[in-house]
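Structures follow.
In what comes next, chain A is part of two complexes: it sits with chain B in the first one and with chain C in the second one.
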Partner chain A sequence: MTDKKIGNFEAIALILTVIVNHVVLNLPKNIIASTSSASIINVLFISIVAVLIGYLICKLLEKFPRLDILDIASFLGGKWLKIVTGVLFLGYFLFTVSVILRSFSEGLKIIFFPRSPVAAIMILFLLAVVITNKIGFQAIIRSNLFMMPIFLFSILFIFFANIGNFTIQRMLPLFGNGTFTTFFSGLSNLFAFGGFAYLYFLPPYLKEDKGLKKITFISTITSGICLLFSVATLLFLSPNSVITEEIFPLYLASRNIQFGRFFQRLDAVFLLFWIISLTAYLSISFAFATRVFQKLLNFEYTKWYASLFALLIFGFAMIPENMYQITFIEGTIYQYVVLILIFGLSLALLIFANIKYYLLEKKKGAVSIDKAPV
Partner chain B sequence: MVAITAVASFAIPDFSFGFHLRLMRFIFIFLGYIAGFFGIGLGIFVYLCILTNLKSFGVPYMVPYAPVTNINSNGYFLEPVWRREKRADYLNTKKEKAQNHISMKWRYK
Partner chain C sequence: MIKHLYKYFVIIILAIMFAYCFVGAHSAQSVDDLAYAVAIGFDVGDTERIKVTFQFTMPNSSGENNAGETAPSVIDSVEAACIESAVNLINTFVSKEVNLAHCKVIVFSEEMARQGISKEIYSLMNKVEVRPDSNIIISTTTAEEYIRSVKPSLENLVAKFYEILPRSSEYTGYTSNIHLIDFFNNLESMSQEPIAILR
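Showing the complex of A and B:
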């Protein structure tokens, strides 16, 4: 068994990590805020669009087996395009980790630690992230795979356990604020599938070359199902005006779960799972950030600067001054960063690389591409 | 919870298998004291990473769950002995097949 490679299930769990953690935070709330009662139709629509985009990405990556987006950028535009692409993705991973860390820590402070400083909570998270990164990339991926079924089950469980409290009429009117809001401006909710960022870096790590298509489809469809259930839970449970003002709305939905007098306060168990899930997500994004940095500067080892990155992330996470700024960054800025970088620039880069490959193939015959070792 | 923990500890067949649990119990108590459920959650994830990183005679400790290997009769559920045709993938054996497709040929004569 080759140790440095990851299997199909591990890759699927990796991409699912993104949506599971965003669903726990404010993603369903942002979707409901933008599309109101048409959220379910909007989620179905963006899931179909995401599957099509995933198919397109796989098709574009077919010409470049075992190459990640940095290698493809290097093929397209030389060293400078590789550096620019690398810096953008590095910035994206660091930004994501900082924002999610701060957002979750603030929520945890409100729920569990009202008298503790947010910095202390973030330091504990970062300590765990640095330790797991020193243990190894494989260990993080496999631990994430181990726990992923539990994370997914928790979201489904919240939906089915709250069925008695649902008001299905909240789905009406079916198209909410209109078809334009649902299908055109609602397309911006595609940022929910930010896990595609990992797809661009997966090919060198996969055991089977041809597994990328299977991984893309299964992870996208499962992400869509997970998102659908979480949005449906919040939409049917409370009025929109209540949901859009809450922090951790899914946690509040879990507080309604009660089975007689024996099983109560199951929200604590869910929070335990979500803490583990978030630590996995932070560790994975952190690991990808260090690997991009390693590839850009041709370092041999990644472990020695993990602590420095952690300090950097801590600094970024402390920048927002209040919850309103955090919600704005997480809801609006993150949305545009994902749409522009993951679905805009990266797709354009792949399309131009394919055009260049086609022209070179026509001119010279076979095309060879240099790639850096993983 | 204490009763469940006590009964579960009897599920460990050998006394020496329980040594690491004695040590981990103190570590988790300390983590719980520092940060409650949050500390225990972090501890569980770090512990899981350590376990998935371990290898025993070249075979990953958490196989076949992480990494997922061929799940024919090596996963969560085991088939009857006469249906276990393939050897475990993580053993890297020379011959993958342990027995023929129809192993009990005398049944069909």
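Showing the complex of A and C:
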């Protein structure tokens, strides 16, 4: 994959695809459920924190150009740490793909296909994912870049088209359930920026080594804006009790859009965009999962086992028994997985790798990363 | 050769699988097989908690042959404990599957409204088929009477009549265009009271 590099805009679109898909599903709902009327302030706050963390990640990755987190883990703790890190990230990618796939398919079933088995809808998505992965990583990244403006536009459009239905007073009291909930426990909403997981794997694929900082800032700020608009739409549009019970809250918002008697029921168009967006997201996560697996076991090709991964994801996705379990996994377990793995363990790994780098530098002079046990 | 056979085998299996999965859905949800309710009325029931009246449009009622005449509609009522039971019950004796995706108005009798309609509003909001832009009307008579008395003289289609009627609020001050979502939001609000169109 490294022989075909990706540009800055393609990388930005790649990270944005995570937030767009989670926004369409349950991300704004979870934020509103935890911080109530202070959701907008909370989103602004976590966006600023995410920018700072993004800056920190870029700084920590600076000493390891063209190396991903698996290489850095190898440098820090040898083969075993690389395997542990790889398995954790592989689990993360498979987990997110399975959960999102099941959640979205259940939503589609409720809205459009009440008589079809959810497995059939999931297989359609997986089929698309396997085919795109067989076509190649470049095809996925470029298609995603091509469609990303439309996905972002759909979220902004829902906000502006609903302005007439807004009750701005719903953002009062400004600090919702209190400053502690908004700024301290509300910090857990950082999981919204789960797209940072891809940042750790991007350096080997970038055309410009110095592009990572630009990619991180633009993608984090755009993600923040996207999140802000979606949270504001839901907060201003419906009471909290309604939002927290909806399956696709943003879909609910799109159902209210109409321009006169001729442009009604635009929700179907948005759902079409989001289906494409979800396919792009699943394909990207799937591609990263297979690449991590490839790197762990030193396989030469990824294509032959892509179908097996699809079956594995299908199996994982079928585990939750009902919508309640899916919502719990998506809202609570996913939140902790992102916070622990992306913002906890990975950052700690980068910090320790940097410390080791400086100690080696101090001991032996300049350290060549090429000589690191990758 | 074996590789090509394998590909064909996979393609055939997938085709059969999806045909099997989706053919049922298409036959069951074909437009011809659905009975679209354009209005639902809620009254206090005699034997059950509520009496629900459905007004269906006749298929092909917008055809050219009927030009100048008001298209016929079918009105049926059932008594049930809730809207879900009412829909299930009416599905047992209407030949087609009842669909509420084109429901334009939801009518409550004044008596029903006085008793409280929050349960019905919640149920309607939770139904994916029901559009949030359906209008809420409170009838001074029973909802069934109101629906039966709707015979638009300037319109052929009753659905179009229901759609245009609340829009008179744009050029008169005697009514208001209240949607289900507005009513529900106000019902949930701590600072606003829900209002509806009075007929």
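What we mean here is this: the second predicted complex is superposed on the first by the 366 of 374 C-alpha atoms of A that agree within 3 Å, B and C clash if a C-alpha of one lies under 4 Å from a C-alpha of the other, contacts with A are read in each partner's own complex, and residues count from 1 in each chain.
Definition applied: a residue touches a chain if its C-beta (ideal position, glycine included) is under 8 Å from a C-beta of that chain, and two chains touch if they have at least 3 such contacts.
On a predicted model such as this, the values are computed, not experimentally measured, just so you know.
*Asks:* Should chain B and chain C be called a clash or a fit once both complexes are overlaid on chain A?
*Replies:* Once both complexes are aligned on chain A, chain B and chain C fit side by side.
*Asks:* Of the two partner chains, chain B (first) and chain C (second), which one does A:165 touch, if any: first, second, both, or neither?
*Replies:* After superposition on chain A, A:165 lies in contact with chain C alone.
*Asks:* Name the contact category of A:124: first (chain B only), second (chain C only), both, or neither.
*Replies:* Touch partners of A:124: chain B and chain C.
*Asks:* Determine, under the contact definition given at the top, whether A:115 touches first (chain B), second (chain C), both, or neither.
*Replies:* A:115: touches chain C, not chain B.
*Asks:* Answer with first, second, both or neither: which of chain B and chain C does A:279 touch in the superposed model?
*Replies:* first
*Asks:* State whether A:364 touches chain B only (first), chain C only (second), both chains, or neither.
*Replies:* Neither partner.
*Asks:* Using the superposition on chain A described above, determine whether A:268 touches chain B (first), chain C (second), both, or neither.
*Replies:* Touch partner of A:268: chain B, not chain C.
*Asks:* Have a look and say if chain B or chain C is in touch with more residues of chain A.
*Replies:* B
*Asks:* Looking at the overlay, what does A:242 touch: chain B (first), chain C (second), both, or neither?
*Replies:* Second partner only.
*Asks:* Once both structures are overlaid on their shared chain, how near does any Cα of chain B get to a Cα of chain C? Whole angstrom is fine.
*Replies:* Superposed model gives a least chain B-chain C C-alpha distance of 6 Å.
*Asks:* Could you tell me which stretches of chain A are touched by chain B in one complex and by chain C in the other?
*Replies:* The overlap between the chain B and chain C interfaces on chain A comprises residues 113, 124, 127.
*Asks:* Which of the residues in chain B end up touching chain A in this complex?
*Replies:* It comes out as residues 34-42, 44-46, 48-50, 52-53, 60, 62, 65-68, 89-90, 92.
*Asks:* In the complex formed with chain C, which residues of chain A make contact?
*Replies:* 110-111, 113-117, 120, 123-124, 127, 165, 167, 169, 237-239, 241-242, 252, 255-256, 258, 261, 264-265
*Asks:* Which part of chain C faces chain A closely enough to touch in the complex?
*Replies:* 14, 17-18, 21-22, 24-25, 28-29, 125, 128, 131-133, 163, 181-182, 184-185, 188-189, 191
*Asks:* If you look only at chain A, which of its residues touch chain B in the complex?
*Replies:* Listed in rising order, the residues are 1, 6-10, 108, 112-113, 121, 124-125, 127-128, 131-132, 135-136, 138-140, 142-143, 145-147, 268, 271-272, 275-276, 279-280, 283.
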